[in-house]
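Just below sit the structures, each encoded as structure tokens.
Okay, so chain A shows up in both of these, paired with chain B first and chain C after.
Moving on, here comes the complex of A and B:
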């Protein structure tokens, strides 16, 4: 029983820390800088698609030719699991390379699309990112060589050599990366740079008139946060042990983080943390008790989306600034 | 250099509307120049062209002999020109002190990489705070320093607006109706302070103002605009006797 409870707690924690990366990025973009982004799943998907290929780098290292994305995916996973059961270095190197490649690619794409989107603001900017993200999701679902299409790509167990501790190590990696992300974003929010971002959010024209190059700063923020969103995409795949393009959809990867961000408190990183915790716990409770909810008049697979919509509406009506709204910065003199 | 700002045949159009029509003027160093004229004569448009908020269609703007025509606002602000707005535009959800701290120039903490290393910016932040407190005390709104700007009165917002170029230590101040909506005693105090800053620090001011009864005794030179053109100019004692000024205000031809 204790082991089951521990497993549940670890599962909730992993889920929480994974979503914390998304809500932290959203807080930086929307909460602090006023850059509306409804397409967080764009960079997460890019990270996942890159991982779909770099994950099987070991096959090349070992000189094995297999169509790891297509018909030979199962065999490729079997072969790599066997190899990784006695080799820890190669999979760690693969993961390390993946992270570096994802960071560089997402930074580059963040810079390009950040520049392109400069002329947009508000809802139009949000829709721009949403359309971009939905497009990449559908391309991933249709174009098999990218990420296995509708069937997806199964991944090997990178920590097979650690036997029973493999899953635990994967969860620890997710938690560590999330904590690092949160700590970095907290530093930003408490610095003069964070204050500068808020001036752009409040009034971009006045910010320009006091000497701030707001366009350059906005591109920097999009580029910076895109790195972490891409890495979050890799972590999602590591956790699910597979890459499925449809899992990087607007509901799971964009709209739920938006609810967490609004519920917790826009512009307040601790608010984002609280909102994430509340929503993750509720979602996990729904997941574990789904089969006891059959008395409801809707199919159980629709409970979560309905919960998302209802909670968002209630939050916007009753507490639009969230549970922990942004606090004014007070001088002590 | 005796001229800090030179404008040559500046023209600004909004579609078929000519807001500024070949306007030329010069502003000497350390002077207080007043722009007057009826509503819609192009005064604010002129300030917006100088500060980079509008791009002129024709003409040139030379600041310290550097052509700044059409440069973006942030570049012009970095050169030492700061503009205040007719209707105060502040960062409403930030506190009064944050509104001013954001104006502090060349802050190392405003670089993305530096914000992870507090020791790189904490000294400058403390300097910025000291300067902010000094400016707030000068403006007499230091007690409101931790209030959200949104909660300030109209007059206090005007004072906060004036605090920005002070904190930036600009060389050329473009003040758009700095004493509008302020009680006469406070208005006199602000105008006296403008003169003091000019005398002690040799700063230059271009002021747009309607309240001639208050402002004329503080300025050195006046340009009167009407329908986008300069109709007359001169020292304040002469300008008020100029018939063209009254023709412009009362639309007499």
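Moving on, here comes the complex of A and C:
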């Protein structure tokens, strides 16, 4: 029983920390800079698609030729699991390389699309990102060589050599990366640069009048947060041990983080943390209850989007600034 | 016998034109993109399905679909007004419409599960093309959607010349000024939302009579409708109709031409066409075609 409870707690924690990356990025973009982004799943999907290719880099290292994204996916996973059970260095190297590649690609794409999207703002900007993200999700689902299409790509266990500790290590990695991201974003929000971002959000013309190149700053913010969104995509795949384009959809990867962000409090990272925690716990409760409410004629999983919508609307109605609203920054003299 | 491709193009463009019209009218009256519009419109498709499952003519769904969609849209309008009164900005209002969209999406799924449980049939994806009547070899949905399309065009033309229409036009131009002149903005816009929501509901209830339907259709169609409105000009009612027809035709005809040229694999990328158009228009022609024409004329 204790083991089951521990497993549930770990599961909730991993989920929480994974979503914390998304909400932290959203907080930086929307909460601090006022850059509306409804397509967080764009960079997460990019990260996942890159992972679909680099995950099997180990096959090349071991000198095995297999069509790992296509028909040989199961065999490739089986072979790699066998090889990884005695080797820890190669999978760690593969993972490390993946994360570096994802960070570089997402930074590049973030810079390009961030620059392109500069002429848009507010709702238009948000919908532009939504269109872009939906496009990439759709391409991933239809174009098999990218990430296995509708069937997806199964991944090997990168920490197979650690036997029973494999899952634990994966969860620890997710938690560590998330904590680093959160700490970094917190540092930014409390720095003079963070205050500059808030100035841009409140009044861009004022920032420009004091000589700040607001366009460059906006591009930097999009580029910077894109890197973390891409890494979050890799972490999602690492956790589910598979890459499925449909899991990078607008509800799970964009709308839920928006609810967490609004519920906690816009422009306040601690608020994002609280909002994420509340939403993750609610979602997990719904998921676990699915196994106990099998007698119902309807699938209980559809409660999730209703919960999302109802909570979002009630929060906007009762506490539009969130549970922990943004506080004015106290200068240290 | 008309080519099914032509039938698809006509039905798609007419339905999309009607839905896009509603999206634009809502935007110009409240200055908020209603991202729940397509979910509300296409939720009436389940009413059509229900009537068919009950053994009635699916066209009965059109009347109830109108009522269901107009009531939901009217409630949404009042909710948005409540939020607006609390000082929420446009982005927050837009996000709240996502919330409403998700609530409807969740209930739609539950309702379909319930229908499947009661009627012991598969309801996740459905089409009622076989239940439709045929006249001269052409499916009834073409006649009905064409008649409704022309009717609503004439109706709007008439409506805008009435006292109510003039008040609505004044609100579109400058809501605060219209209020100063004694126009009850909330009442007028509320009625407008009720009517346009209903029109969208009619379009949605006709959809399963030719095309396949599933609960994700509403949220999915958002980008297509947005592409149509953006292409025509997000602030132009005529532009949205044109955009809807263009996107509707291009999704079918352009795809058919492309599949002849590059292969049938391109058909699976059908939904990408409006997404690409929306992205390109937003970036390079944010005022849309009608906006560009107006600018060219010096408007």
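Just a few scattered comments:
The definition used in the following text is that the second predicted complex is superposed on the first by the 322 of 333 C-alpha atoms of A that agree within 3 Å, B and C clash if a C-alpha of one lies under 4 Å from a C-alpha of the other, contacts with A are read in each partner's own complex, and residues count from 1 in each chain.
Basically, contacts are C-beta pairs under 8 Å (C-beta built on N, C-alpha and C of every residue); 3 or more make two chains touch, one makes a residue touch a chain.
Quantities reported herein were computed from a predicted structural model and do not represent experimental measurements.
In the superposed model, A:7 lies in contact with neither chain B nor chain C. Touching more residues of chain A than its counterpart among chain B and chain C is C. In the superposition on chain A, A:203 makes contact with chain B only, while chain C stays out of contact range. Touch criterion met: A:255 reaches chain C, while chain B stays clear of it. Once chain A of one complex is fitted onto chain A of the other, the partner contacts of A:303 are limited to chain C, with no touch recorded for chain B.
Looking at the shared chain after the overlay, A:328 reaches chain B, while chain C stays out of its contact range.
Put simply, chain A uses no single residue to touch chain B in one complex and chain C in the other.
On the chain A side of its complex with chain B, the touching residues are 184, 187-188, 191-196, 198-199, 202-203, 205-214, 220, 224, 326, 328-331, 333. Against chain A, the residues of chain C that register as touching in their complex are 32-33, 79, 82-83, 86-88, 90-92, 94-96, 98-107, 109-110, 113-114, 117, 219, 223, 226-227, 268-269, 271-272, 275-276, 278-279, 282-283, 286.
The residues of chain B lying in touch with chain A in their complex are 51-53, 72-74, 77-78, 82-83, 85, 89-95, 97-98, 101-103, 105, 107, 109-112, 114-116, 118, 121, 125, 128-129, 132-133, 145-146, 148, 164, 168. The touching residues of chain A, counted against chain C in their complex, run 30, 36, 38, 116-117, 119-120, 122-124, 126-128, 130-132, 134-135, 138-139, 142, 250-251, 255, 258-259, 262, 297-299, 302-313, 316-317, 320.
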